[in-house]
Structure formats: structure tokens, C-alpha cells
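Shared chain: chain A. Partners: chain B in the first complex, chain C in the second.
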Partner chain A sequence: MRAYLLFALKRLLQLTAVVFAGVSAAFFISRLSPISPVESIIGRVSGNSSFSPQAIESLRSTLNELFGLNIPLHEQYFNFLGRLIVGDLGPSLIAFPTPAMQLVMLALPWTVGLLTVSIIITWLLGNILGGLAGYYQNSRLLKAFGVLAIGVQPIPYYIVAFLMVIIFGFLWPVLPISGGFSMNVRPGWTPQFILSILHHSILPATSLVLVGMGTWFLGMRSLVSNIVTEDYVTYAEIAGVKEERIVGSYVIRNALVPQLTALAMALGGIFSGTIITEQVFSYPGLGTLLIRAVNGGDSTLVLAVSSVAVIAVASAIFVIDMIHPLLDPRVKVE
Partner chain B sequence: MLSVFKDLIRYNREFTIGLLLVSLIVIFACLSFFSPYPAQDIYVVIPDQPPSWQYWFGTNSRGQDLFWQLSFAFRNTLTFGIIVAVLSRLISITIGLASGYLGGWVDRILMFFNDIFVAIPIFPILILFYFVLRSDLNTYTLAVIMACLGWAFDARLIRSVALGLRFREFTRQAIFAGMSPRKIMMEEHLPYVMPIVFSTAMANMIWSIGFEVTLAVLGFTNINIPTVGTALYWANNHSAMVVGVWWWIIIPVVLLVMMFLGLFLLAVSINEYIDPRSRLRRMGS
Partner chain C sequence: MKKWITLAAVAATVAGSALPAVSQEAAEAPPINEFPREETLIINNPEQPATNPGMFNMWVAGNGAAWSNGLHQLSLDTLWFIDPDAGLDGALYNQLAAEPWEYNDDFTEMTVNLRDGIYWSDGEEFTADDVVFTVQTQIDTPGMVWSAPFSEYVESVEAVDEHTVHFTLSKANSRFHSLFSVRWNAAWIMPEHVFSEVDDVLAYDFNPPVSLGPYVLNSYDPNGYWYIWEKREDWDRTAIAEWGEPAPQYVIYRSIPSTDNRLIEMANHDLDMIHDLTPEGMFSLVEQCDTCRGWFEGFPYAHPDPTLPMVIFNTQDERFDDRRVRWALALMLDARQISMASYRGAATLSAIAMPPTGTHPQDYHAPLQEWLTNYELDLGNGETITPYDPDVGLQVAEMVRPQFGESVPTDETAIRNAFGYGWWQQDIEAANTLLEQAGFTKQGNTWMTPDGEPFEFTLSTFTEGVINRMGTMVAQQWSQQGIQVTPEADPQIFAQTLPLGQFEVATAWSIETWGGNPDLSFFLDSWHSDYVAEPGERQPQRNWQRWENEELDQIIEDMRVTEFTDTEANIELGNRFIQLMVEEMPVIPVMSFNVFSAYDTLYWEGFPTAEENPYANIVTNWANSKYILTQLEPTGETAN
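Let's look at the complex of A and B:
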């Protein structure tokens, strides 16, 4: 138990470091931007009406104060860190004056939901099929699956999602290709609404599963095909242990451990994939929000989305790392 | 080196297919040097012509011959991928070897940074860069940024190999012979990690080109430079699928998939070749 706590503490330290580094990078990169949110609001307000120069000047100083831009950069940075902890990064620009964090929090459940479900399906399906393919190396079906996995795996998310839109949107229009739920359904905890969400999430989730599964399948297949040559597997076979037991508890469980580590390491990339998938299917998540923010020149919102993305991914990695010792009793400490 | 190559072609079907696909794409990209039209000119041919003997890949709604346009696009995209691969390989070799050989606190600090780079989601950061640089985000700037973000995973791989080499007999001998750590790393250890460097270079190219295509398709790079991503961006921009100019989308996608598949097969087969167990299994069967 002590060892586990030490392990958890170490991971927690790492989580803090990752979040700190990522968030700081996001802050400094976004401050390099030549587009000032203040000037663009002034431009929008004073575009087709005439204000006195004094009024504009006072508007400018108010806005500067509102966005916290009237102080030196390092103070802005510390301010930013402080405000990030309380979850208030100031007003957004594309939906002024709605707080940027509020927009992010509205989008976050969609992304987290889509991501969690598709990752779990992808990882389990890919690993189980890959494990079976590694153990039963002569199965025709699993071999064919391997060829398919090799074919689909290297194609970027965007292309797969895009092909699915073409197929199910133009050639064979059976599934909704955009939005998170139907326009005519009122949001709420009604069965109708939940069904609508599920119906709309089929395509985005399927595209994520399709792209992601190949990696796990191939990784697991090669891991398992190495494990089956180990002496203890041969011994178990000779000793007459049931085949399901060998495959399930002896082979696949052993091979799952490195695959879990791989999942933690791949999470950042999977998250990026989700952002793209959301954009293709106009899914109302973080990705769509981020792209709207970039196109609208909204630096506060871009910063808010990036920071939340970094925190979310780092926390998810932390959670996976915490599961690790439960799956593999050998890893008490690294 | 040449015999390794021959072995791979003889015993490894995946390698041969991969090599064939990648060579096709490279030849296609090199054709752009003989293009009759400059890369960025528009309305040089009749728009919206389907593939025919005169226009092999058809022409797009911007009045460009898709064959030449795509060959420029693949040249730029391949160049981008190679720059990222080379730069990020340099970083990961340096960090990986230093971390593995020197060990101790150097290793701990380097791996601490390594873990941070592995965990940070790259796409939001790239979008942030576009947000700041706008159309200054051309192929080369993007390549440098991607290289700085994409070394971490492979550095850890190289470190794990270097870690094993550190206690081998020949390393000790080299130390007693008075070789400097830098020389040991560069002359003694580097050859051992080279196969990994090659196979991860392919994987890295898939990774970086994937990101480039995605960014460009969303319009988040300099859209006037022809790359595979910007080709798709313009096709979407002119709603090619809706107005029935299907070849504008299908052809680049098919070529792109060919390239990714080729690179992936190369990476996988080199990886398999490195592992003696799977190499023996293949040669025996």
C-alpha cells in the first residue's frame, strides 16, 4: 500500500508538471498574437456608428481592464494561473460577454462523452481481437482482419471521417452526418433526447473506432504472438489448462499491461483526432469550439480551450496510470 | 546495408509492397519539376474537366490541371514530412543516447521533460501557433514546430536501447580505452539504434503528414502553398463533392492513402526485421 501511495504521489507530481508546462506554453504562445481582442471589439462596436474619441478611449481602457491587459506580461501570467485555478479566464469574444469558461464547459461533456465511449470500445475490441489473432494464428477471419487493420490504421482521422461523410451523407444517406442531436428534440433527460444523441454519435464514434482499432489490434497481435512462445504457455497447454483460461488469464491479461501504458501515451493523439472528427461531423464539442474561436480571432477562448484540453488529457493519463497497478500486480512501484 | 535490403525484399512481402507504393509517390512528386504550369497559377486550363487522356486526373474548379497540381502537392508534403522526420530524429537521437548512456540525474531530468512532451495534446498547441502566425505558418515553420513537438516518443525508445548498451563489454572497453562520452555515443552506440531511427522515421512521417493534412484541410496553414491538405481544402471550399467534381477529392485521397500505407508497411517491416525472433519465424516459414 505504501508503495502504491508513493507511486501515486510521483504520478501526481508529474501530472502537475505536465499541466503547468502545457498551460504556460498555451499562455505565452497566445500572447504572441498580433490580434488584440480589445481592438477587435472596438472595431466591431464603432464600425457603423460614430463615437467621440473620448468615449472610445474610455471604452478601450475599460476593455483593457476587463481582459487584464493593462499590466506587464509577467503579472498577466500569474494572474492567468490564478484565474485558471478558479476557472475564470474572462469574457469570450465570439459570444461576448459570455465567459469563455462557460462556453468550454458547455462543449466539454460532448467531447468527453464521445472520447470515453469510443476509446473504451476501440481499446477493448482492438485488444481482444488482436489477442485472439495472436493466439489463433491460422484463423482465416482474423488474418483478413489483420490485413484490414493494416490498411486502415495509417490513414489520418480526417480522411476516414471525411470518407464516412461522403458514404453516409451522399451515397447512402441513412445516418445523420452533422450535429449532436436533432433540431426538433428539446434537450433534457428524456429518452427521446438520449436516443437522438446516440443516433447522432454513431458516425463520429465509428470513425474514431475504425481509425484507432488497428493500432491496438496490431500491437496486441505481435505482443501475444511473442508471449505464446513462452515456456509457461506451453506448460499450461501440456498440463491441460482450459484454452479459454490460457487465452484470457495467461496470455491476454499479461499483454494488456504494456497496452495500457501505450493507451496513456497515445491519449494526446487520440484527443487531437477527436477534435478533427468533431469538426468534420459538426459535433458540438471542444474541437468545433476551438475552430470557431480561431476563425473568430477569439484569443481568450482559444486559450481557455487549449488549457482545458491540456488539463483534461493529463488527468485522463493520470487516471490510466492509477489503474495500472490494479491490472498488473507486479507493478507496485515503477 | 545492401544485403539487408535484398533480404528484406526477398523475405518480406510487406516491405516490397511498401517500397513500391512509396517509390510510385516519390516519382510522381518528382514529376512536378517538369510541370508545364507554375504551381500557384489558377485558370490555366478549362475548369471541371473529368479525367481524360488530355487531363489524366481531370481539372479542378480553379482551372488547374490536377495531375501537375497534385504532383506539386505531394512534393511539398513529402518535403515537409522528411524535414520533420530528420529534425525530430536529430533531437531524439541526442536526447535518447545522452539519457541512456549518461544516466543518473541527466537521465531523470531529460525523461521528465520527455514525459511532458509525450503527454501534451499537440493539436490545440498547433492551432494556437496558427492563431498567432496566421499565413506565416508555411511548410517550413510548421515543420520546425512539429519537429520540436514530435521527438519525445522515439527518444524514449532510443533511450531504452542505449540503456542496454551501457553495461555491455564493448562500452566498458571503450571507456578504458579513453574514449570521450560523446565519441562513445556517436561511434559505438549510434549504429545500434540506427534501425530504430529508420523505422520510427517512417512512423514519424505518417504522424506529421497526418497533422499537416488535417491543419490544411481546416484552412489552418498558408492555403496558397499546394500541399495534399490544401488541395483537399480547396476542393471542400468549392464543394467539389456536391457539384459532382468527385475526382478532385477521390484522387488525392487515394494517392494519400497509398502513401500512408506504403510508409506504414515500410515502418512495420523494418521493425519486424529488427526483432530477430520474428525475422527467424519469417525466414523459416
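Let's look at the complex of A and C:
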């Protein structure tokens, strides 16, 4: 137990270092953007009006002062670290003075919701079918599925997404192709609202599942194909152990360890958002927010999204590191 | 173990599905049962989903409030509107003002008489105090949208009585009223009784907005994708009542970033008005949907905005400081190919520095045809040419006719309105002569500058769309003539590249006009040489070409002392400007910015059209699109 605690402490220190390095890199990279939020605002405000040149100059100077962009970079960095600890990264520059984290928290549940569901479904389907295909190597159905998985997997995601929009939105218009929920449903914890969310997430989630499943399927099939040749599987078969127990407990379970690690990594990556999915299906989420922040030169908002992603991925790895020794006795903590 | 995994997966899936409810719980949307389709107009909001969906304080710069979500079309209001098209009763609307502005003789004072009987949606009467508060608050609070222009021009503002406002200006300005005159938007009037109670105007969200227009906010998507507006019971106590009752009970503005989805939603009749499509999208829509159409019923479908896409030279680059070089580059271009490449032929060409839209063709393009046809360009070697071809528009029409057949007009006037009048004919020989006269030499197939360097430059253009296609074609045509031109897609062209002068040649625009009025102050005042920045410094918009010319300065100074309403004098000034631009060619005007706005006539009819009743700009994000609502009528079609 002591060894495990020591192991946990080491990993925790690593986590802290990784997060610190990651968010610091995100801070400096976000400041490298050549896009000025002030100029973006001036462009919007004056682009369709007859502002005089003096008025534009005056507005520019006011906004620079208001946004605190005159402060030296190192001061901005230390301010940022101080605010990061309390979870407030400061006001967004494209939604001033709304806190950037408030915008992130508005978008985050959509991304996490959509991706959690689609990744888990993808993972389950891919691994179960892949495991079965690896064990029952002569099954025609599973072979056909393998061919399908290999065929679909390399198709660029946006092609699959557009095809789904055209098929289910136009040729056979049975599913909504844009938005997170219906306009005639009141948001809140009600069955109508949750059903509406599910209804609107069918197309984006299915597109992610279709494209993502192949990778899991092929990986699992390959792992299981190796495991079935192991002696203990052969002995179990000779010993007359039930087939479903061999598949479930002896084969798939052993093959799952690396897949679980990959699942955690995938779940950690959720926080980066799915830009193409959100664009194609007009679906709310972090990806859209990130695009808007980058295009508007809002370094604070870019940093807020990046920091959430860095912390999430690092934490996911930490959790896996913690769970691994418990799942797999071969993993040493010393 | 298997049970564990299954349990965890199910729990995560269920929790994940419901997660969005967490962020939406706080949203204060009222319960909505249904929106009868025959009472609901659904409009595409071309803006991206709002960054700050619950923010309606449009008077603060950069707070993330959406503007084109119906807020400035249906809820806010101001003194005058100037329509880029014909207007319902002329292009100038006296909106909250009862009549046009009144200046004193030297344009240092302006008096406005306001309508009476106009009420905010919360029952407060609109008065002169609201106008005074709007101006004074923005002067006192830097960082608001109109703080800078008000601070620059207003010495004092006072309410003479409940319906009269008097401005004393700090310097003469014959166009001060334009701050309150909507082209796309303008200084909207603030409700004094609401904002005077607010501690921090900059942080106030104005949610729900108190409306001065005929609609109030019904509900909105907490993610910013849609906003629903409902007609006020007392809509007749708003200024729009002068032009009739808006027909739709509900108006929904939907932000749909994907062009394909927009097209599909309209083909499915779930969208009544689209702001813009690609040319190909428009051609596809009219094929798929019998009840859908564009501004023109047939080809080219698109509405020409009062904006003039052009080739812009950085005249502070010495290679482009010579009008002979600029003219040579103009004569190397084939406008027909540019039209085909950019708009698939659906461009409205303009050889002169004036968008061919609104009232400009009648005021400028048609009357100047004779002058243009007879215009002689001196090549500098004793020869002159008459470069103008008055029939380029007709030629483009013939080029697209095989593909688009009967949808292409046959009447000559209709063709000129849709495809433009003429353009400069491609004349490579004359272009070569002009370059040689400017000291350039040709070695093999490569032009060399007077310094002996290869004549090569980068052409900055948009990252996508018709302007990108136009830039690419222009670069290709120049390259074919021995000038190495590299087109560069630039996402920051308006925010950084043009203002900082970090370009050699660009395709963008520096001319935008009122459209429905011949006055050119909207863009031209900023072209005065007083405002031209030194190389490397930031140039105030819109003179991106950084061109200085004494005659131009004189035109601008004459304009500053000419009444906006003196049409004849303003057209004369406009003609002087256009002729000077032809002589000097500091930019190469190409065409109007054609917007492929589409609308579906299944549920609603009475939309403005090019051929029958061009009473308003069909483009949905312009605030003056609200007048369309007064002309609509339900067709009687109901949703199944």
C-alpha cells in the first residue's frame, strides 16, 4: 500500500508539472496570434457605418486600455497563473466583460455529452465486434464487418458527415440536421428536453460512431487474434470451459487493458471539441467556441479552452496510471 | 469486471446524454408550445452563433452580443433609414424622426423633430430625453459603439421639448445625421428609463431587451443558434406602423453556418429567407425548390450590394505609384473570364468606381456611358485608344445562356441591370506600351521593372468565396502576360493586412455607398489625404490604397459643404470623382458584391424583387430588411 501511495504521489507531481508546462505553452502560443481582438471589434463596429478616421483611432485606444493589452507579457503571464488557481482566466475579449470560463462552461456540456456517448458506443461496439471477429475468425458475418470497417475507416470524416446530412436531411428528411434541441422545447431537466437533445444528437453521434468504430474494431481484432493462440486459451478449450466464458473472461478481458488506456486518452481528448462535427451539424460545443476565439483574436478564450483540454488530458492519464496497477497485476508500482 | 464496465458505460452514456441540460438549466426561456408555420417567418441569420447569447446590449463594443439575430432589425430603432434600394416611398425613411434633419447654415447645429405617439414595449413613451441620453451616455462612457464619433462631433445635445432635439456640433459636419441614418446599422436609441437605473452600462446585458421596434423577444437558444421574436400587441405604437402592419406573428432568426444545411433547410421549407449562398448553391436551390427564388427571378439571381469588389494597389509601393502601370494592369484583364470564374457569370460588372446597384445605375452608370465610350487613354507614345467596351455585360449574358437557357434575360435593359454595363476591353498591346512608357522592359516572357528586377508581386485575397476566385483569376491573367503574381489567401485582410499596408496588390473593396442615394460621403470622406498614413503605420479605413490626390481632396472638401439632400450637386460631385478615378485608376473596379439571397414563397409572398418591386434590400442582416415584413402576406399554405 505504501508503495502504491508513493507511486501516486510521484504521478501527482508529474501531473502538476505537465499541467504547468501545458498551460504555460498554451499561454504563450495564444499570445502569438497575429489577430488583434481590438481590430476585429473595430472592423465589426465601423465596417458598415460611416465612422471618421479620428473616431476609429479613439475607439482603438479606448479598447486597448479597456482590455489591458498594454500590460507587459510577463505581467500578463503571472496574472494568468494567479487566476488559473481560482479557475478564473479573466474576461473574454470577444464577449467583454463576460468571464471566458463562463463561455467555456456553457459550451462544455454539449461537447462532453456528445463525445462521451459517441466514444463509449464506438468503443463498446468496436471492441465487442472486434473481439468476436478475432476469436471467431471463420465467421462470415464478422469477416464482412471487418471488410466494412476497413472500408469506412479511411473515409474522411467530413465526407461521412455530409453524406448523412444529405441522406437524412434532404433525400429522406427524418432527422434534424442542425441545432442542439428543438425551438419549441423549454430547456431544463424535463423528459421533453432530454429527448429533444437525443433526437438532435442522433446524426452527429452516428457519424462519429461510424467513422470511429473501425479503429477500435481493427485494434481489438488484432489483439484477440494474438491472445487466442496463447496456451491458456488452448488449455481452457481442451478443459471444456464454456466458450462464452473463454471469450469474455479469458480473451477479451486480457485484450481490454490497452484498449482501456486508449479509451481514457480518447475521453480526455473530448475537451478539445469536435470542430468539424459542430460545423457540419450546427451543433453547439467547444470546437465552435474555439474557432470563434481564434478568429476573433481572443487569447483569453483560446487559453481557457486550451487549459481545460490540457488539464483534462493530463488528468485522464493520471487516472489511468492510478487504475492500471489495480487492473493488471503485471504493472508494478515500484 | 464485465458488469463493472457495462455499468460504467451505461451510466456515462446516460449522464452524457443529459449533460447539456446542466448548462441550459439557467436559461430563462418561457415555455413555448408551437409556432404556427403560417404565422411564422423563419430567417437565416448570417452571423455565427452568438458568442454571448444572452447579451442584448448592442451599444457596447465587443461584448459578444449578436446583432443580426433580429435585435437590430426588429427591436431597436433610430431616426432615419436610407435604403440601398428603392425604398417603399423613396430610399429615405423618416423613422423615429418626423422629418429630415435640419442644419444651420454652417452645419454646426442640427435639429431633429421626433414622432410622437411612439412607445417602448414596456409602455414608456419615447421622447427626446431618450435621444439625449443615448448621446450623452456614450460620450461619458468610452468603449461604447458610438462613443468616439459622438465625442468627436457633439459639443452639446439638449431636448428642446419632448419631441425636439438640438445638437450643437464641435465642428462643421454636413453629414452628422448619418450617424443616426441606417444603411446597415446606425446609432440605435437607448431607453433612458432602463439604462439610467444601471450602475455599469458596459457590463449590463439588457436581457430581455425593451423594444422600440414592432417585435419583442419571445425566447432564444442559450447556445446562440436561434432567436424568436413575437409581434407586439401595440405594434401600431412603433414607427414602422407608418408603412403598415408587419404580417408575421413570430419571426425566427436562425444561425446556420453550413451553406449546405441552409440550402437543405430551405428546400425542406423550414427556412423562408437565406442571407447568402454560393453561386452553385443558388443554382441548385432553384432547381430543387419550385417556390424558391433569388432577387432576380432568373439568372443571375443575386442581389448586388452597394459594395464594390476591386483590385486595390498599394500606391505607397513605388511600382504602383504610376498610373500607367495601374492602367496597363487593368488592360491585361478580361472581365468576362473574371465574371465566369468568380460568380459563374452571375456578376454585375462595373468599370467605374461606383457599385452598379440601387439608384446608382440611373444616377451614374447609364448617364456616363457616352463619356466612357468616348474616353481616350493616352498611351504616352503619341497614340490613344478608346478602351471602353459598352457591351461586356451583354457578352457575359450570351456566355451563360447555353447553360442557363430561359432564365437568362433577353431584354437589353434587363441584361445591363443584371450583368452590368461595359468594362475595359482586354488590350495586351496597349498594356505593353504603357508598361514600356513607364520604364518596364520585357525579357523573354518576363516583365522587368525599371530597376531591372523581375516584375513580381503577391496578390492578397479572401480565403474563400467569390472574391478569392476573382483574385485567383486576376493573378492568373497577369501571370499569363509575364508578370509573376502569387495569389495569397489572407484571413486577416480587413483587420490587419489592408490597414497596415502589408500588401502589394489586393482584391477587396474600399468603396461602399448608401446605394439608394447618390451621396458618396459614406466612404469618400475618409479618402482625404489628411488621413493617409505613413508607410508602416495603420491606415484608417477606407482608403486602403493610400492614394493621395489634390483634385480628390477638393471633391471631398466640396462635398463637406454640400447638403446631403441636394441630389443634383451630389451627382455632379460623384461624376467628378468617377472621372478622376478613371483617369488615375488607383483601384480597378470590377463588380458589385452580389449576394445570393434566396427566399421561399411557399408560406409568404410579397418579397422585394429586382424586376417588379425592388422596394428593399433582400439581404437579411441589414436592419432595413424589417420593412419587408410590412409587405408580406401569408399565402394560406399551412404546415402538415
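Note that the second predicted complex is superposed on the first by the 264 of 334 C-alpha atoms of A that agree within 3 Å, B and C clash if a C-alpha of one lies under 4 Å from a C-alpha of the other, contacts with A are read in each partner's own complex, and residues count from 1 in each chain.
Note that in this section contacts are C-beta pairs under 8 Å (C-beta built on N, C-alpha and C of every residue); 3 or more make two chains touch, one makes a residue touch a chain.
Everything numeric in this text was worked out from a predicted model, so none of it was measured.
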{"item": "Which superposed partner A:Gly43 touches (first chain B, second chain C, both, neither)", "value": "second"}
{"item": "First (chain B), second (chain C), both or neither touched by A:Ala17", "value": "first"}
{"item": "Which of chain B and chain C A:Gln279 touches, first, second, both or neither", "value": "both"}
{"item": "Dominant contact partner of chain A by residue count, chain C or chain B", "value": "C"}
{"item": "Chain B versus chain C as contact partner of A:Ile155, first or second or both or neither", "value": "first"}
{"item": "Touched partner set for A:Phe170, first chain B, second chain C, both or neither", "value": "both"}
{"item": "Partner chain(s) touched by A:Ile128 [first = chain B, second = chain C, both, neither]", "value": "neither"}
{"item": "Which of chain B and chain C A:Gly248 touches, first, second, both or neither", "value": "second"}
{"item": "Chain B versus chain C as contact partner of A:Leu59, first or second or both or neither", "value": "second"}
{"item": "Residues of chain A at both interfaces, chain B in one complex, chain C in the other", "value": "34, 162, 166, 170, 279"}
{"item": "Residues of chain A defined as touching chain B within the complex", "value": "14, 17-18, 21-22, 25-26, 29-30, 32-34, 150-151, 153-159, 162-163, 166, 170, 218, 222, 225-226, 229, 265, 267-269, 271-272, 275-276, 279, 290-291, 294, 299, 302-303, 305-306, 309-310, 313-314, 317"}
{"item": "Residues of chain A defined as touching chain C within the complex", "value": "34-37, 39-41, 43-59, 62-63, 66, 92-98, 103, 105-110, 112-117, 120-121, 123-124, 162, 165-166, 169-170, 173, 177-181, 183-189, 193-194, 197-198, 201, 248-249, 253, 256, 279-282, 284, 288-289, 292, 295-297"}
{"item": "Chain B to chain A touching residues, read off their complex", "value": "14, 112, 115-116, 118-125, 127-132, 134, 153, 206-207, 209-211, 213-214, 217-218, 220, 232, 241-242, 249, 253, 256-257, 260-261, 263-265, 268, 277-278"}
{"item": "Residues of chain C touching chain A in the complex", "value": "1-2, 5, 9, 12-13, 15-25, 27, 29-35, 48-49, 51-53, 55, 60-64, 142-143, 145, 147-149, 151-152, 175, 178-179, 183-186, 202-203, 219, 221-226, 228, 252, 254-258, 260-261, 264-265, 267-268, 491-492, 494-496, 499, 512, 521-523, 525-526, 531, 540-541"}
